[in-house]
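Common to both upcoming complexes is chain A, partnered first by chain B, then by chain C.
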Partner chain A sequence: MPLLRYIAGRLVVYGLVIIFALTVLFFVPRLGPTDPVEAMLAKVASQGAYMDPAQVDTLRQSLIDTFGLGGSLWEQYGAFVNRIIFSADFGPSLSMYPTPVMELIWNALPWTFGLLLSSTLIAWVLGNFVGLLSGWRPNANSSRVMEGIAICLYPIPYYILALVLSILFSYVWKIFPLTTTIRGAPWSWELVTSIVWNSFLPAMSIVIVVFGWWVISVKAQTTALKEEEFSRYARLKGLSDGRILTRYILPNAILPQITFLALQIGLMFNGSLITEILFDYPGLGLLIYTAVLQGDFNLLMGTISLSVIAVATATMIIDLIYPLLDPRIRHR
Partner chain B sequence: MISIDNVTVGYGTVGFITAVDQVSLTIGDNEIVGIAGESGSGKSTLMRAIYGDFSTGLGIKSGTIAGRFTDAASDQTIEKPSSQFRDLWWDQISYIPQGSMSVLNPLMKIEQQVVDGLPKRERGGSRKDLRARIAKFLAGFGLEENVLDAYPHQLSGGMRQRVLVAIAAFVNPRLILADEPTTALDVVVQKKILLMMVEIQRRLQNTLVLVSHDLGVHYQITDRLVIMYKGKIVEAGRTADIFANPQHDYTRNLIASLPRLHGQRAVDRVGAGA
Partner chain C sequence: MRSFFTHAPFRLYLGLLLLAVCVVLGGILPWLAPGDPLVWYSAPRNQNPSAAHWLGTTSLGQDVFWLLAYALRNSIILGLIVAGLSTIIGVFLGLAAGYAGGWLDRVLSFFMDALLCIPTLPILILMAALFGGQLALPIVGLLLVVFNWPYPARQVRAVALTMREREFINVAWFSGESSTRILVRHIFPYIAGWSAANFINTVLVGISTESALAVIGLSSAQQATLGTMIYWAINYQALLGGKYVWIGSPVIAIVVLFIGLFLVSSGLSMKSAARRMSV
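Let's turn to the complex of A and B:
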């Protein structure tokens, strides 16, 4: 019963976060001084096409309908939330008219998810493994070297690292492609290798930076847990180091790391923006960038809403996994 | 069982801080020995040295601590200095820690924490048999079978301490060392647990060494008592004799400081200092 309450609580929070984010998303652009309809009309007029006032009015009306700007603010808000939640419809892209925004997003989403999920998980597993071992033997030379590397890596802003990697490995030494070009028929071996080849540098730029943070945090956990009374008791029971490490230290050290993972996935979504732009990677980040540059209002709304929903979902999934790992939450 | 010969124990690798100073003591088979003294008297350090827990800079400077164990199954006699007792942990020797919240792994079920570290001779049979034997053993401590499937945070302080006593006793060792096993508990639960420890010792016919600052605890269960003060043994003998006729001033003061049911504490009447 407490478990059901925990799950229900998480689901309610999940819903509230999304509604809140959509509300902010709805109101913030409307606080700005620019009217997207007038901006659009000005753009059309500046291209030199002549329209008589009646035509301009028709165009204005149709733009207002397309943008969902008719009626009072509350009517607009209701229609906006309704459209997103019940039909997942963001209208057509303005810069790539008439392709629907959702289609562009669906094409970009697997790229971003694939890149972020794989690189975040690789960094998480590697970082926790190295950090656990170096926390277990903090005075060993290998531990000191690993910690030194981790401390040097983690303050580097990942876009600087991405830039350096790109210059070194695509420009100076032409090992990896400078921009992403995917080749190969669907589901062919060539396609798979092409994706891995093109994703390697962007993924590395994320893995390397995040790795350092995982090493440092899990190392601190391990060192503290080693001094816990249950570790001492396990040692006095005559248990082997391996067993103490895997059954006593590891499960306790990994729990907070799972919470951090959820937070990290949220942060990664921001990070992917610059990584994708730098490597010309066809994901959600690049799409957001294009939308901003082209003033594509619908596409911007769509990509940002989807990012919010994706991050909230990832966090919720991790929160729901948590009780499986921590009996103190499972049996409260 | 254990002979301690003129041993000096302390901490530190560069400088040496003496905690136990030239102590000699013999602990026999089939008895309950209490070690009493104030904080910093060296009683816990002596216990760690007997257990052979030479970590965190603990070391023997001079003298010896040696043990002699007769394996019940093979009837072989093992003789070792305590620095090599590690092989005998959770086999011939077990240990009852002071039961705080964090002495049991919070993410492991009680059943696994009983099984973890058990010697081969106690593990025999299938997992199901073993579970049944543990459940039966725990029943003797007033713990129901569902405790096996519980996690530490689901148990009360008294239950956790009984689990710790049960874990140490289930090993069926020749020597059990207990470090302040009842300190954090109220007197009613404390009494129950002490009686359980006596009962186990009488049944297993092994040796129990009990470290506590609480003279009341020693009075209730120990056969022999050792009083430590500033790293030295100031008095040792049969518990009843010590309480009836304390020889050393420090012991006399300790006993006088015990609260009494009727009238004032002896210490208030004597008004003794030091």
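Let's turn to the complex of A and C:
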């Protein structure tokens, strides 16, 4: 049962990675020279809200709970892990009191996932299509032009592209909205068009970069695979170009992309955070930014822990999908 | 395949040219600056590009051209330090893991995999928010090193693993060469090309992550970097005022710098791949 052993091995590593990540998160607030609780209280006080000493004490206690700063280091650690993994409870949001942090996160998650998933999918389909075609005739002028464009697009960070797109299409030519405002009743057509319209620029900033990479890598793959024995055999058999591309070359070109996706998911997540902030898009990134601006540390700890866990989980899922797609590993 | 190889140098040269522009702008020009461009009201405010102020001035009275030169210098220095340290640590630990094997390999491999799964930016945002709302550049650099050494380490480990089985390593071993000498003389040449490409790539990732942090105002405000320049421009409403040069110049600088870095990095890895094949 090599497949089962592979999956079990991955799951063990995943569990260890999550514990490692939580440990990192646990120690971060303890690394700095300042006490985060006092820094936070000072920030609340500086924002002009008057609080009597009893309120300050309640707030301090709540913050100490959030960071798990009470008791010995071991007790703190146990309580922290328990809080995140088993009860998934980050307390109430301090800036939108008394809404629980988890509720805010659940509202934001579909936006971030929707944005990342749809833009990755669009970029993947387009990138594979263009990459395959230009890899098939690597020396044609159109292929060279496409690769040149891809090379110029790929190194640009997502947020720079987001900025450029918003300058061009929201300030200079006022085509798309500057900030996200979703209108329409639930489940109405208006809501759907509003979501698509508002998500277009943020999604494009991710699509363009990922598209660039996929063109570059699929083109190189295709050019190499075309020279392989099995492609020559297919050609000699008299198969059409389209069939050779889709049945012989594409499946082989897809596999390395999955490994790439596993490595890139963290970077893409980083990018989507900033893109959301720049476009006021109501996902996890904007929530993190709100938490930072408002000094809402319950919300901050919750959103950051969740993002770290989400990225680690996504990486693992992709790793687990890999053998399902590669028959050579599956049937060994 | 031939066009592939004849292509590589062109890509490399174009990238080096773009990088040279950035290095001249960021490495040499700051020495010639008339004063510290960060100081407010050291120039007239809200000027359009002119002979006296090539890229105009900000609404805080800073000369955009000199500000850009300083920002480029700081960003490039940060990127170089991050990439240098990450590469040295990564190559060293990767060689150690691949060459020694056993429990050392297992522990190191776990840390490489775990660190690769953790997204850098949220951790940086958390630290910045906890410690006064801004992170000093050295701390940002240090954290970036912590998160970037696993990339070279993993690759180097894989190469070292295959190297252990090669005949010429055995020959060297039995002819009495020391481990250090085998590492330096026989294994290092195999990873040098790839490491150089990865080094350039890490420069890019380092600058990019710091800028991402800076764009949302969480990096150092004491030093100009490309990201903080964008942050200031957004924060002081450069766009609403139609001051596209102010916000556009750091954006274009980042794009030119990153395309240059990417071309050099992929040119280098093409070249080393070509050399491996011709051997």
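Definition applied: the second predicted complex is superposed on the first by the 301 of 332 C-alpha atoms of A that agree within 3 Å, B and C clash if a C-alpha of one lies under 4 Å from a C-alpha of the other, contacts with A are read in each partner's own complex, and residues count from 1 in each chain.
Operating definition for what follows: a contact is a pair of C-beta atoms (placed from the backbone, for glycine too) under 8 Å apart; a residue touches a chain by one contact, two chains touch by 3 or more.
Just so we're clear, the structure is a prediction, and the values are computed from it rather than from any experiment.
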{"item": "Combined model on chain A: chain C and chain B, fit or clash", "value": "fit"}
{"item": "First, second, both or neither for A:Tyr154, with chain B first and chain C second", "value": "second"}
{"item": "Three-chain overlay, vertex chain A: chain B-chain C angle, C-alpha, nearest 10 degrees", "value": "80"}
{"item": "Partner chain in contact with A:Leu16 - chain B first, chain C second, else both or neither", "value": "second"}
{"item": "Which of chain B and chain C A:Lys174 touches, first, second, both or neither", "value": "neither"}
{"item": "Partner chain in contact with A:Arg328 - chain B first, chain C second, else both or neither", "value": "first"}
{"item": "Winner by number of chain A residues touched, once chain B and chain C are compared", "value": "C"}
{"item": "Which superposed partner A:Ala312 touches (first chain B, second chain C, both, neither)", "value": "second"}
{"item": "First, second, both or neither for A:Phe230, with chain B first and chain C second", "value": "first"}
{"item": "Partner chain(s) touched by A:Asn252 [first = chain B, second = chain C, both, neither]", "value": "first"}
{"item": "Distance of closest approach, chain C and chain B, by C-alpha atoms in Å", "value": "11"}
{"item": "Those residues of chain A which chain B touches in one complex and chain C touches in the other", "value": "none"}
{"item": "Complex interface listing, chain C residues touching chain A", "value": "1, 3-4, 11, 110, 113-114, 116-123, 125-133, 204, 208-209, 211-212, 215-216, 218, 230, 239, 244, 247-248, 251, 254-255, 258-259, 261-263, 266"}
{"item": "Chain A contact footprint on chain B (complex, rising order)", "value": "51, 53, 55, 86-87, 89-91, 94-95, 97, 100, 102-108, 116-117, 151, 153-154"}
{"item": "Chain B contact footprint on chain A (complex, rising order)", "value": "228-230, 232-239, 243, 247-248, 251-252, 255, 325-328, 331"}
{"item": "Residues of chain A touching chain C in the complex", "value": "13, 16-17, 20-21, 24-25, 28-29, 31-34, 36, 39, 138-139, 151-152, 154-157, 159-160, 163-164, 167, 171-172, 223, 227, 263, 266-267, 269-271, 273-274, 277-278, 288-289, 291-292, 295, 297, 300-301, 303-304, 307-308, 311-312, 315-316"}
